[in-house]
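So, here's a batch of structures to check.
Two complexes are shown next, each including chain A; its partner changes from chain B in the first to chain C in the second.
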Partner chain A sequence: MRAKRGSTWVRALRTPVGATGAALLVVVFLLAALAPVLWSAQASAVDTSQILRGSSSAHRLGTDSLGRDILYRLLVGTRLSVTLALGATAIGVGAGLVLGTTPMWLGARLGRIVGAAVNIAVAFPGLLLALFFAAVFGIGATGAVLAIGFAIAPGFARLTQTLVARVAGLDYIAAARIAGVGRGRVLIRHVLPNIGEPLVVNATIVAGNALLALAGLSFLGLGVQAPAYDWGRLLAESLNSIYINPSAAFATGLAVVVAGLAFNLFGEAVARGLGLRTPSAAVVSDRGRRTPRAPAPARADGAPDREPALLAVEGLCVSFPGPRGATTPVRDVGLSMRRGASVGIVGESGSGKSLTALAIAGLIEEPGRVDADRLEFLGADLRGDRVRAHRHLLGTSFAMVFQDPLASFNPTMRVGRQLAEVAEEHLGLRRAPAWARAVDRLRAVRLPGAERRARQFPHELSGGMRQRAMIGMGLMGTPALIVADEPTTALDVTVQRQVLRLLESIRATEHVAILLISHDITVVSHVCERVLVMYAGRVVEDLPTVDLPRCRHPYTRALLAAVPDLATDRSRPLTVIPGRPIDPSEYPVGCAFAPRCPLADEHCRHVDPALVADGHGRRVACWHADATPAERVGDPN
Partner chain B sequence: MSELRFSGVTVRFGTRTRGLTAVDGVDLTVASGSVVGLVGESGSGKSTLARAAVGLTPMVSGRILLDGRPVRAPWRAGPHRVQMVFQDPYSSLDPRMTVGASIAEAIPRAIVRNGVTRRSEVARLLGLVDLDPDRADQYPAELSGGQRQRVAIARALAARPDVLIADEVTSALDVSVQGTVLNVVRDLRHRIRLSMLFISHNLAVVRYVSDVIAVMYLGRIVEVGPADDVLLDPQHPYTRELLAAAPRPGATPLGPPPGDPALRRVADAEPADPHHPREGCRFHPRCPVGPLVRPERGVCREREPATAEHRHRAACHFALPASHEDSHAPSDEGGSGAPTPAH
Partner chain C sequence: MTSAALVARSVSALAGGPWTRFGLRRFGRLLVSVWVVVTAAFLMIHLVPGDPVRAALGATAPLDVVEARREVLGLNDPLWTQYGRYLQGLLSGDLGTSMTSGLPVSQVIGDRLPATVELAVYAFLLAIAVSVPLGLAMAAATRGGRRRHTELAFTSTSVVLAAIPEFLVAVGLVFVFSVQLGWAPVAGRSGPSSYVLPVVALALAPAAVLARIVRVEMLAVLQTDYIRTARAKRLPRRTVSVRHALPNALTASLTLCGLLLGAMVAGTVLVENVFAWPGLGTTIVGSIVGKDYPVVQGIVLVYGVGVLLVNLTVDIALALIDPRSTIRES
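Up next, the complex of A and B:
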């Protein structure tokens, strides 16, 4: 964790912007530390013979009204400029943190009042606020620092407030509160570390702005007073003689700009570094690399199909480029479906089941790539770019239902309108008949009050209703296949039953095939005639639902036993699958399930079993599929 | 060994005119050493009830008593005897703290003063939830969902609570690791005799761990009783509906939709909107034995059912009278679920 955070900063510094910012910042700080030690004598040496001279070999930037060397004064002035800027930043950040975290330590009500005050202060222009404070605190360096500091505070407080509000709503804060951890400790241990990075980045940028603002105040004569001098004062003095000695004013201005830029660039680079998730360079370098694939297994479904397959998939692979080479979360998946069939795919999260569905629908986006030996829907080849040519076919004959129906609808359009659009686009219907069909389809999915609901917006419908409307949208054409990806996971059990029943009755009445994807093997077994079990991107078992009690893969057995039902023996512990699902980037040579399998032996760990048919319409990929129940270690039954 | 008692707990959100009563006069008792399972759909107010019990959500009226005394609010010093485990183990652990530090933070000072080192206490707690003590130095990101959830349970146990509230602790987990968490919950009951309020929308999960089952619908407890009684002899039609939807081996709960159009309408009805509670019985728009199917049952539209006189305190006009119940469950004066050991 810490190493990862450290590397973010390092990565930020490797970018050109970050490197420039950091280098400039180092120079500025070195000057601030060393210049007064080395050159303060030269900078204050008065030479009345050399008053207001232009640039010469002795005085590169000329001299001022007392004959002092401007270059040395500029270098020595760095310390005061930077110190004042850092001081103002410290005051601003400190005050901002205190104000921004008030809801945490004063409670919600007082926090709201402070928040309102901060919001009003944010509305004032910063410079106006600084001038106001400068007048209040009096003219001089201290006044200027306080003024800029307090001018910074509201903006910083607002940022802190927002970040704190985001973190304070998380459960770990609530858990700490319940455990009796005090407000102060919650703030220091839980809140601040989790919002620290954006605050630090912002403080860097704020410091740059403070430097500029302080130079401005000194320039106006409101800041540093003689005999002390900072860049703002130097600029004001050299501006008087700009016609005699333009280089002095120019160099001083440049110093202010460069130092300000150093802070800002550094902050920008780090901010961008924190936002980086996947380095785009790695994506480019991996593109086009073909992933090695296992040879496609012989297709054997038992009885040969007379009827042509509605959907035929063979050797389907989905791969994504990653920072450490391409990963293949879906490996060599094959399935075939006939009209009116119902097939379920089950697996844990990360097993590749949803990606399989997306690949069939042609919805895998760049940089992901789909390879298949065969990917046919109603006889049309959907591989590669050909999917575009079959858009019309997909639009009318293929429907997809997603887990979150709210995200699949356009929130600004009425439900009926969105359904009607499908009919206008793909069936060429005019507006009125399309609307009529939309209402009819909503009635077909038994949406109560279909006509009224069609005129409502998606957020006005409950989760179950939206899911039905989504299915209704799939029925706008004459679909031959509905792919439902976790359609009931977000729904309550009673509503889940309604939606599953609806899918089942559509299948029965309209002869539509259904491919149902779920993590819950019981859901799949309620609806589907056939179940495909996926693990680590592969199909490990494929069997008719009625044969589930006699399943042969240890993973399928464990999945069945892991879910308690109303007949589970309460006096015995539930069967668990030890370990955790395997990450697509670390697939082993042998069987991917071997590390979690009670039957695994040396052979399993070295040779990946192929998916073989048993002649009864079942396929299984396991070296120990024929082990008798007595040999099955850890079998719950 | 302590009893958590909710009496007349009401929680409202929002303003008087546009508000929503999330929990509406709930009476429920978690008896000493028992596990009460609370089931209901989303929006039924079960999580709000849990948050009220640990003081995260203020009540409008009613009291939550632990052994007769009000539950201590968060931020107050002293032992916090009611602890809670949250639904999402990905947001309930501070990503910047090691697992051990998160647990150690919740250990009361009094325990450390008695010569127990924080480190050994953390190891003991990790052992209670079947995790290796070496995990203490890992960050949450290095753990799977099931392991994180067990760490969250260990942290809740660190405060040595008398009552543990588990709010949908398995619903964010993959089915394959759900079992590890349920086994830990079940073990804890036997090992440290903790009183527990176990909240879930899944009746089969609740059945596996609970002695008493309470069913919540739109802010009200509509049925409560010993687990086996409620499951074998449900009195409220909503409980029956939940039972029908729960997985059970062999039998498919997905029968064909009912032939009777009235029944079918009821079966397709949407969950009620808590912003606009219905007059009379709040379940009547979805009830398969209510006024939409049997027109003569007008009483359901007009009067809210009383609970006291029915078996399992079922909030249904047509539940069996309580007199039948005498042989089943011991009646305490609140009538609330006294535990009967389920085995």
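Up next, the complex of A and C:
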């Protein structure tokens, strides 16, 4: 704990902000310690022949109404300003800690009352509280320190409450309590050490604010009284003679700002350091473009008829610039779909399936980059900026359904309005007819009470209703393709079924093609005629759903084997695929699945297999695809 | 739990819609807070160490004068009687009498309040007018990690500006624009030109904070799923920004606006004193120094209730823009 804390503070010193703050702090503290010792005499030397003079070589910042040198007074005033600020901080932090930990001292009920009081006090700006206390304690340095201290307390108490609440929920605190350790002991031994760091950091920032606030009170004449002086008082005096001697006011103001910033910057730098995670050094690789090209899928998918493809994708790559070079999470993906077709893309999270869907839809945002040899929807080329030219075509014919229906609806707009705006935008309908169509579409997706639901906000609908409404949004135009990206993942199992059935029935009645993205191979095999399996950004197998039992890629087999069914022996642990999905920044030279593959050999690890068509409408990328079942090690079948 | 909150809770259990519940609960909280402010203002004079009248009249004042004044102010009565009388006075608009000028406190406040409100409102409008477009423009310019240098310059400038207290900004402005350039008067409230520097001094720090928040919020909103949905609907870019992103980005910024406006009410105190502005801020400081407790009490009350009303306004605006916040209110 101690070592970690030390390193955090040291690391903060290495950042430019932290270093600046620390250097300024050192200067401020040195001045506070030394200036009164060195220059007290000069600062209080009265010279009646030099009253209220401007800047000169003898008096750099001029003189005050008694002819005293302002520069020396400014330097000597550092000590009082800093001391008072630290005093106020100590009072505020101490009071805040006591108030913020009351639930632990006095129990939950009294703690709640204190908490409610703190909440009310926090709503008032600190300066107002300070003015109130200044009126109570009377003018003068002591009153000002108490006033600022008490003004700091509520905010600090709130912070402490939040931190304590976070820590108090942890298991070992609960364990200590159950073990009968007293409240005070739990607080001091277990809670405080764990919230010490953020508290110290915030106290540093609070000290900076206290310095500024005290300067403010002294400036108003409510703080330090003559003959004592701090920066605030000096500023008030120099403001009166700002026409004769502007440099004095300017320099004093600067001193206050710099000292205040020193505390703030240092505190902020450490705070940032606490939240920072150094990125683990990972090997850079970008082999996306170097992989061998897959054969064009148009002929390989066993679609002999002449009907033009609804969707044709070849050589699709998505890349993102990174601090260590670009990564390419989608590499050389190709697929084609006819009207009314249903294709599923499966793969683990991170396999690039969702990015593929977004890239096809033209929804990858900067700094992401999409490259494709071919990307056509209903004959329209969607590569690059051409997406925008086909706005109305896409708006009416290309529908998308996303994973999380709550997050995918705008929380501040009524559901019906969010549907209606599609019709207003792309069909040129006015408000009323667009609204009527929205309600009609909500009925079409069998949303109960469509008219009432349309007037509600997304959070007032259930998850299943929202996903129905989202599908209804896709039906506002006359869709030819619905891309559904994990449409059921966020829903209850029973609701999942209903949503999938809805998609199927829409496909049947409206002759709409469906591209279903899912991590769940059973969902895809229920709904789709064709399955594309993706791993590490590439299509590794492409086959008709009926052929799934005869799949040839070890990854596809592993996905199927991981699905429990009625015959699964439940006394044994569920099958899992060993290892983890690979990170896009670490794609290896050879087959990306090799590290997890039971069949992998040296060849697999060095040469990436191409996606090869077998002439029966199936494609696979595996060196061992033709291995007979007997040769297959760990074959689930 | 106070009785008002309990009443609000039990009533809300009976009432139906989220709006009714929100309204009742919010009103209950306002009542509790106002009661706390009123009680704090009342107690202030009793918290003063020693005899406030002796402090006000000075150590040399004859004992019978002090006693007579205590009698007039009712300070010799039991605390509960005084509290009751204070509340009764408040309800009939009587805030007491100034110990120095002998004027009714309500009249003192009535004379000074407009100047302060003017200052705060103008500064707030200026801060909004500058920071919202600036934050949005910066969000658009620095989206997706573009223009890192612009972003760094913007962020560091706004951090530094936000850290400088109003009264120092005010002194700096006086130094540059009044002393060096002679463009604006140094102090006072006479004619439009005298408003410029106080308003700018008050608006600068909040504008810097707000611009930074608006930028961050806008960037966060542009990352959300519902913006992706809006883009998937192929709406024009401007519609996506204005209709879908902006209201959501502003809800979070609005919460902050409340805090900033509250802080601005306090900031007027310092700025008024730099510019000798004839508002509540100069009056309360003068009254604290002069130990004119009834005036201080009255002005503390006005500031406190002002802050509460600001918070209330923000909460209502928030509920109108983002209906989910009516639920969150609990």
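Some points to look at:
Please note the rule applied: the second predicted complex is superposed on the first by the 372 of 637 C-alpha atoms of A that agree within 3 Å, B and C clash if a C-alpha of one lies under 4 Å from a C-alpha of the other, contacts with A are read in each partner's own complex, and residues count from 1 in each chain.
Going forward, a residue touches a chain if its C-beta (ideal position, glycine included) is under 8 Å from a C-beta of that chain, and two chains touch if they have at least 3 such contacts.
If you're wondering where the values come from, they're calculated on a predicted model, not measured in any experiment.
In the superposition on chain A, A:Y587 makes contact with neither chain B nor chain C. After overlaying the two complexes on the shared chain, residue contacts for A:I120 are found with chain C alone; chain B is out of touch.
By the touch criterion defined above, A:W9 lies against neither chain B nor chain C after alignment on the C-alpha atoms of chain A.
Judged by the touch definition given at the top, the superposed model places A:R391 against chain C, while chain B stays out of reach. In the superposition on chain A, A:I242 makes contact with chain C only, while chain B stays out of contact range.
In the superposition on chain A, A:F29 contacts neither chain B nor chain C.
Under the contact criterion defined above, no residue of chain A touches both chain B in one complex and chain C in the other. Put simply, chain B touches chain A in their complex at residues 41-42, 51, 54-56, 74-80, 82-84, 86-88, 91-97, 102, 105-106, 108, 139, 141, 144, 146-147, 152, 155-156, 158-159, 174-180, 182-183, 186-187, 201-205, 207-209, 231, 241-249, 252-254, 256-257, 264-265, 267-271, 273, 342-343. Against chain B, the residues of chain A that register as touching in their complex are 1, 170-172, 174-183, 189-190, 193-194, 348-349, 446, 448, 462, 464-465, 492-498, 500-501, 504-505, 519-522, 525-527, 558-559, 562-568, 570-571, 573-577, 580-581.
Interface residues of chain C, counted against chain A in their complex, comprise 1, 32-33, 36, 40, 44, 47-49, 55, 143-146, 159-160, 163-165, 167-168, 171-172, 174-175, 179-180, 186, 224-226, 228-236, 239, 243-244, 247-248, 251, 262-263, 265-267, 269-270, 273-274, 284-285, 288-289, 291, 293, 296, 300, 303-304, 307-308, 311, 321-324, 327. Only residues 112-113, 116-117, 120, 123-128, 131-132, 134-139, 208, 212-213, 215-216, 219-222, 235, 239, 242-243, 246, 249-250, 253, 256-257, 260-261, 264, 268, 358, 361, 363, 365-367, 391-392, 394-395, 400, 402, 404, 407-413, 418, 421-422, 425-426, 457, 459, 470, 473 of chain A touch chain C when the two sit together in their complex.
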